[in-house]
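Letters are used for the chains, namely A, B and C, taken in the order the chains are written, and counting of residues starts over at 1 for each.
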Amino acid sequence: MTTRTSLDAPTDILNVNGVEVAIDGRVILRDVEFRIEAGEFTGLIGSNGSGKTTLFQVILGLRPTVAGTVSFHGEALARRNRSIGYVPQKVLFDPEMPLRARDLVALGVDGHRYGLRRRSRAVLADIDEMLSAVDANEFADRRVGELSGGEQQRVLIAHALISRPELLLLDEPLANLDPGSAQEIIGLLHRVATDNRVAVLLSAHEMNPLLPVMDRVVYVANGRVASGTTDEVVRSDVLSALYGHHVDVLRVHGRVLVVASSSDEHEHLVSEHPELVVE
Amino acid sequence: MHWLFEPGLFSNHTVRTALIVGLIVAIVSAVVGVFTVLRGQSFAGHALTDVATAGGAGAFLAGVAPIIGFVGGGVLGAGAMDAIGVQRVKGRDIATGVVLGAATGLSALFLYLSATSSASTGATQLILFGSIFTVEPSTLPEVAILSCVVLLTIAVIARPLLLSSLSIELAAARGVRVRVVGLLFMVTLAVSVGLSAIVIGSILSTALLIGPPASALKVVNRFWFGAAIAVVLGIGATWAGIIFAYDSYYWIPSHRGLPVSFFVVAFVVVEFAFFSVVRRRRGGRPATAIEDSSHHVETQWH
Amino acid sequence: MFSSFMTNAWLSGTIVAMLAGVVGFFVVLRAASFAAHAIPNGAFAGAAGANLVGLNPLFGLISFAIVAALSIGATSRRSRSDVATALSLVLMLALGAAFLTLSTEYEPAINALLFGEILGVSSSQLLPVFLLAVLCVAVILVLYRPLVFTSVAPDLAAAKGVNATLVEISFLLVLALATALTVPIVGALLTFSLMIGPPAAARLLSKHPARALTLSITLALATVWASIACSYEFNLPIGFFVGTIGAVLYLCARVSHAQRAVRSFA
């Protein structure tokens, strides 16, 4: 039984309403409110420890909320929601683990199923296709534990996407990558997501690499969240309210910088270099 | 080849029974062992053979059928380990160690009591070290049935087990009940080692559980292929060991013969050394990566 | 039980308990329980072998314990250490089984080695045992900081230039010597439990390392003293009591720890 509320627009797939999360009695996040539409690319931006992984756990149904609701297509979240794919933060593979990249992707299809049914030719072809889509053909038959960070990342993305989820969550996929690899992954994600009509929610502590592809940003700071388009959210006034102290948002050479400042420094900046400040 | 197949080898009823039992146990141990080694639960696997032996000693003392003691004791031990925390990487060592300590303590009591109470000398050593040549043919049906149960269970949980052994987070995100699958595996492991401990002794039980799978996993990329190789290696070591043990009666002048466990373990170790060398020759990622993988990032997943 | 012939038992038990409390603390810290279990079992094989060739069993105990420690330590950096430990263990046990088959050793003597014997250490051996125990503790003290560092934060330690392999091998050798000294009293099968149960309990009861270490020694002493007394009273092998008391201590500590955690949120 779907319980659609009037707040859910038809294209919404994920709706987070007034969510509050606590760990061991300590409130991590409160009043979290945002929505994700089908096919959108959303960046979840916040520094380490701001609660991004916790939020993912809530969305995946693996952590309860103290208050608020999360609904997927208007329905409350089930624990095993196969329409949400997940690429976790630090998956350390044992180099001795006898599993090829290809096998890991295959487990994305049936890793949760009991029994040992043979994989049909259609499934095997699908696996091949997905490996091509993430440019993993070169190392598809090598052990996952022997791959580089960037290569593992791509295999994990294929593993998450092969069950054709509607929403793909990625927890800090760019954290340990060099800028070149980070760009590649973002390009790959954008391409695959668009091709497969998959919404992406990607967490990062640095938003600049994502600026070209983000449709929406959810900015986490101080236990609270601000969401909207980049222009709506990444502004000095919005972020200052979020942080609870003054920050300046500067644009330099197309890059965004969030800098803590005082009101005097802010006055000085606005009068001397107005072109830099994003109000 | 006359020296290898000494007179009466294949016509000997004891040897034939041993070969069949060895075959069954080698297969089950290899299949369960591949997952055991993969999950880093070799200590638990070994500990469970000692727990099973304690159960067996208790059953012997109580006059109950040994197989109930071996398998039942093992299952109880597995449950206790799970309760203390054998699934998380951090608690694994202590959980296994504490249960093993308690079980060995009980085993010491039982064995001591049976050694002093009954007139049977060498009972202690028999239970501890066991021998495939003293298997009662009447236990074969039970062994075969339980082995099938073990293999079937593994077949059913294979994929979720594999995924959760690879990464708890990935498995949890897919909706796999990681704890349940893990517990089920521990119980299956307990049954498997209980079976092998009763027919081939605790030493061989551990050797066949860990050795052939570890050897196979050194050189293969694919999991199921690795399991198959492990089975072959296990059967090979077992049969070769049985044959050599039988032959040793003729080789050693005093006509004493060396125990089967000695030969089988020797073959298992030789296999492992061989495949280790092969792997080192082939090269691969430097060993430092392994230290990282043993300290999994543990978030609050359950 | 306090008559003169038991003096040896109390003295050697005390020495061994204190040693086990110290070494066991690090066994638990380094998650080396498997090694602590494997080495004394390997040592037993050595005793059987020494007996076979007519040497003093203690010599066999120590030499095989060292061999076991080295083979565990040598392979632990290259492949999974638990596989190496398991295979070293079964190899030594198989050798032990072979030695036993070939020898005509008197069964009570074997039982004593396996399950422990209150009078396991004779008067003449007291002094060497004491000195060797002091040696073990001394090495641990020297290694204290690198030992803790490599156990708790191996990557950081490696970055600081600490030679992890050297620390590991040294620790395993100390463990080997400590178990060899403990086996005659507690028995090959249960020596390890003295190095796991009480220290694990201590760690649950106190987060502070110095306090936990002291508690570990105290609990080990309590375990051994109680075991000697019970063994004397009930005429049962000392190993049985060590194993069960150790497990009970751990369980009590576990319950207490859980209750404290609950109380702190109330």
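Everything that follows uses one rule, which is that a residue touches a chain if its C-beta (ideal position, glycine included) is under 8 Å from a C-beta of that chain, and two chains touch if they have at least 3 such contacts.
Small disclaimer: the values here were computed from a predicted structure and weren't measured.
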Lowest number of touching-chain links that must be crossed from chain A to chain B: 1
Middle chain, criterion being Cα centroid separation: B
Top-ranked pair of chains - ranking by C-beta pairs in contact: B-C
Chain located farthest away, centre of chain C as origin (C-alpha): A
Averaged-CA centre spacing for the pair chain B and chain A, given as whole angstrom: 43
CA centroid of chain B to CA centroid of chain C, Å: 24
Chain A and chain C: spacing of chain centres that average the CA atoms, whole Å: 49
Residues of chain B engaged with two or more neighbouring chains: 218, 290, 292
Residue numbers of chain A (touch at least two other chains): 96
Contacts with two or more other chains, residues of chain C listed in rising order: 79-80
For the chain B and chain C complex, residues of the former touching the latter: 37, 40-43, 45-47, 84, 92-94, 96-109, 111-112, 115, 121-122, 124-125, 128-129, 203-204, 206-207, 210-211, 214, 218, 256-259, 261-262, 264-266, 268-269, 272, 276, 287, 290-292, 295
Sites on chain C touched by chain B in the complex: 28, 31-34, 36-37, 77-80, 82-83, 85-87, 89-91, 93-95, 97-98, 100-102, 107, 110-111, 114-116, 154-155, 187, 189-190, 192-193, 196-197, 200, 236-237, 239-244, 246-247, 250-251, 254
Chain A partner contacts - residues on chain B that touch it in the complex: 38, 155-160, 162-163, 166-167, 169-176, 217-218, 220-223, 225-226, 284-285, 289-290, 292-293, 296-297, 299-302
Residues on chain A engaged by chain B in the complex (per definition of touch): 23, 53, 57, 60, 62-63, 79-82, 85-86, 88-100, 103-104, 107-108, 110-116, 141-146, 156, 159
